[in-house]
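See the structures that follow.
Two complexes, one shared chain (chain A), two partners (chain B, chain C).
Here is the complex of A and B:
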């Protein structure tokens, strides 16, 4: 005769089995659609490159070595892969700068929207999201038309007599940054707005009542309370900037590569898929690190105000 | 793919029953960007009742990489002569024997039997030309018939130069500039080539394809370029002139080939024969502004093309041109290594 404890245990086992069965489809999809391709990338990064792209199935750590080290073509000496380091550095600094500028432009915008009467806010938000409906490529070409040597920006400055020769913006790092700020700005505005909408403006008034200056109100009241929005917006801008491909490809002129372009180069003209794979994983690690920082900050933010 | 097959079958059945053209169906062409005459495609579609889909690529490497992966759905590809032996060796091309086609008699003698495709068993001529330099002569008055324009740039052009990211052509120009033979694997020369390219790169503004608009809009003032593209630039800005580097420059030919895994082989063969007709070949040239290698096409071309300085090589610079063939593997590996270092 089964004891009560055994019956309970059996029920629990059935329960667990049922739960696994029910979640099996989701788990299978996650495995095959997410982990599977990633696994292929990891495996490829440990193989040798084929002559015309593709891979040769023999184990090699060359790709990983060449992420950080380069072998001289002629005297075979090893040195730090300064080209890769330069591209990593450019990607990180440009993405950080993009994030900072997106914040500088996005914060007042979000504040403006959040302080409008409730029924007009939807319209302002709608205006922010309109560019999202346009293809990224078209938006990038639009920026190109504005900043090129015979583009709107230079022509206006020339006509006003402020400059005598066009300012070279297109095909520089500045061009890439302008493009990315424009493209990713909504990703900063929306989370900022979401947290500002919840802001209790009575606290702002209370601050003024207690003789706080405008700057003190901003720094001591508003900024701490919208911190989760700032962190979320920054991450949402920083991560896609880091992997940006189209914007640097068009506005950077193919000479100022970012990580996304470097990876593409390896799968195309470079014909070095293993190196492309190991660079992709390196990018993934950087993004994960950024996300970990996010979770940490967002976590403390939630504790303070939750 | 099943529904697609069914749809095609249904389409073929419908057209067959209505007694329309025998070649009803599709043709998927994979060609260089901004290179295919829309009128030519329209004429072919109407003549053979075929729906043509055109897809662009920007380099021989891109095309080769994509086709090797399979599942591309293309029927026709247009690789340069310098890489065709690779396509044949990699077993990617279908032996269509264009040399037995009706219009093959129109191919100029020079292009009938070629080293990259002996006896023309796989390919027919699309267009041929040279790689040189387009320079905006409003801004630079010096000699433009030299690779020094991009390898030792004059002060007026510094920071205003574009270089097409086509490895074989740029290596050819740089090697001959430093006194080497095309396709050399001489390490002393190649070391100089690498150092020269790395030294020159900071003086370039970009490494891009598709430059016609960028050059006429003055995003840069000089570019390594193909002759036909340069002619199209001059049509928009008469100051843009084409230089043939006296140190050496490549002559190339792009060729139409049918892929081994093509799904519309018959239409692809029809297309091959179609473009060897002088009138149709002239349409190709009229659009992209290169010579086409088909005898008798000149009379269908606009007059300003036959004496264009971009097409007719000046006598004293003819000897500097070399037809670009596939370099030996050792040389190619070294070039790729140099190229990768340059592109990073």
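Here is the complex of A and C:
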């Protein structure tokens, strides 16, 4: 019996070793491609900028100070860095707006797909994911073609005589938002669909039976039950929107920067790697904070509903 | 049983329901008319696909009739959405809201009707008492058993005091013992609330034990409406006789008939008395049905004779399968006693005595 117990222990040890071996490639990639570089970025944010990019290896908190403050060139007094704050503000508000609009457009879409007969749903889902097969740059340029002053949208309106001068959309915050909604919409639709597909539509009938109008059924039954999908979709849209780079770069025309562009600027023309690094960490902190708030909110929501 | 007032609660008039288009067309209901009385326990009985659930859904408002009217106390409700009908449903799957507690589920309908909070609370407590679920009011619906979910579904549907309660095979998911309990419970609730119950089931025994009246449905038609005793003892058509209980079909020839009685000659030559469905005047060859327990075995002197082919013992009673002399077979059911003085053996020649008034002529 002792040997049997011995064999069992050995089998367990082997099992653990096998699990570590199997997960080693993933763990290595996570360490070298994510955790490692993140550590480097954190270290860089506490160094001084080199004259031609790169960093000088001496400790400094200047980069962190200049995330939100700026030093006057003449009298060296500190004041709020308006430009940075404006960019933070634009990033957060545009991302929130993108999330809200993606939900407004995505919810009926997901509901539509979830209520189709089972055999046609796959087709609708496929249509939703088609844009994913196309390069982001190409999609963004396509949007630009539609909304620029000489683009399809304005030409049609001009020809119809509805407007006399082109509507300036391109190179505005609106353009950035349109682009981001278009790019991230599938990320809202898919998790919404996933939770709606599980929705028991007999509950909707039960709601109607118990005197709930369409709107009340939506608010009291459908929304609470697809909440996990709403939370997941909102996170999936909000977070990449916050760090978006290509879309604001092309559709914002380099005038309306978002955080991603500001960070790129510091690592490129700005030659201020520590500032770029501290901005990156700040972005990461905002994302984590948003996640925490969201998880908290989703958690209490679920508790309220028992 | 108290006298039921003859006022009509639900009047279904010439309702037709067609699903689909073109070659996929399905006639779920074909020109169905039925009047359901106030304060009645009314059952729609039939096999799956007979249209009973479709009719229930039309009354609830989940579907709308292709043609015809549905009157509730004289008012046509067929075009109204479900939330504008004073009718509530107990669903086969219960359809309890999983994100709400037991009490919140029961309160839902009253909240949607905009009743004051105090009234809602009082009514919810009253309902919880009615279905004996007081202790579980704050439980989530996932934390209670199937029988308890069933009670919550009932309480939720009864809370808004509907004029009519619709029950869509509500007992089918319960095990045998619980089902028996709930049958009694449902009768009690119907009695205490005085609400008209329309109950859908494919279980003939359930229908017979619970209903004031039964409508037997098949292939989108209502074949017969009547009290359980009417339906069982005087089935009008073959489907009803066959679907409900066990029965013997015999070919016979008409001898003479009055308004609701007839004399028929059986294959054996014996002439027996039989009842005739209302408004039907048979002639020539007819089919008569005789329930197995309405006949008994004898040594001789019966209207039918044959050889005992099979004896099946059921505990409470015994079924004797008899091969009739003129061809065909006949089942006799006899209550078992512990008197063992006289026992038939398989292979014995036997005679079958048909009780007075046991035979019924079928319309088809």
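Throughout what follows, the second predicted complex is superposed on the first by the 264 of 306 C-alpha atoms of A that agree within 3 Å, B and C clash if a C-alpha of one lies under 4 Å from a C-alpha of the other, contacts with A are read in each partner's own complex, and residues count from 1 in each chain.
Keep in mind that, in the parts below, a residue touches a chain if its C-beta (ideal position, glycine included) is under 8 Å from a C-beta of that chain, and two chains touch if they have at least 3 such contacts.
Values in this document were obtained by computation on a predicted structure and should not be read as measured data.
Chemist: With the two structures overlaid on chain A, would chain B and chain C clash, or do they fit side by side?
Modeler: Once both complexes are aligned on chain A, chain B and chain C fit side by side.
Chemist: Return the chain, chain B or chain C, that is in touch with more residues of chain A.
Modeler: Of chain B and chain C, more residues of chain A lie in contact with B.
Chemist: Using centres of C-alpha atoms, tell me the angle at chain A that chain B and chain C span after the overlay, to the nearest 10°.
Modeler: Value: 150 degrees, nearest 10.
Chemist: Under the stated touch criterion, which partner chain does A:187 make contact with: chain B (first), chain C (second), both, or neither?
Modeler: A:187 contacts neither chain B nor chain C.
Chemist: For A:176, is the partner it touches chain B (first), chain C (second), both, or none of the two (neither)?
Modeler: In the superposition, A:176 touches no partner, neither chain B nor chain C.
Chemist: Which partner does A:94 reach: the first (chain B), the second (chain C), both, or neither?
Modeler: Neither: A:94 stays clear of chain B and chain C.
Chemist: So, A:73: does it touch chain B (first), chain C (second), both, or neither?
Modeler: Touch status of A:73: first partner only.
Chemist: Could you say whether A:47 touches chain B, chain C, both of them, or neither, answering first, second, both or neither?
Modeler: neither
Chemist: Of the partners chain B and chain C, which touch A:200 in the superposed model: first, second, both, neither?
Modeler: second
Chemist: Let me test your reading of the model: by the given contact rule, A:262 touches which partner, first (chain B), second (chain C), both or neither?
Modeler: A:262 contacts chain B only, not chain C.
Chemist: Please give the nearest C-alpha separation between chain B and chain C in the three-chain superposition, to the whole Å.
Modeler: Across the overlay, chain B reaches chain C at a minimum of 48 Å between C-alpha atoms.
Chemist: Which chain A residues are contacted by chain C in one complex and by chain B in the other?
Modeler: In chain A, no position sits in both the chain B and chain C interfaces.
Chemist: Quick check: in the complex, which residue numbers of chain A touch chain B?
Modeler: Contacts found on chain A: 51-54, 70, 73-74, 83-84, 86-87, 148-150, 166, 168, 170-171, 252-255, 257, 262, 265, 267-272.
Chemist: Touching residues of chain A toward chain C in the complex: what are they?
Modeler: Going through chain A, the ones touching chain C are 200, 202-203, 205-213, 216, 220-221, 224-225, 305-306.
Chemist: Sort out for me which residues of chain B touch chain A in the complex.
Modeler: Contacts found on chain B: 59, 61-62, 64-65, 68-69, 86, 90, 159, 162, 165, 167, 187, 190-191, 194, 201, 204-208, 214, 217-220, 329, 334, 336-341, 343-344.
Chemist: Per the contact definition, I'd like the list of chain C residues that touch chain A in the complex.
Modeler: The touching residues are 60-62, 81-83, 87-89, 91, 93, 95-101, 104, 108-109, 112-113, 138, 140, 156-157, 160.
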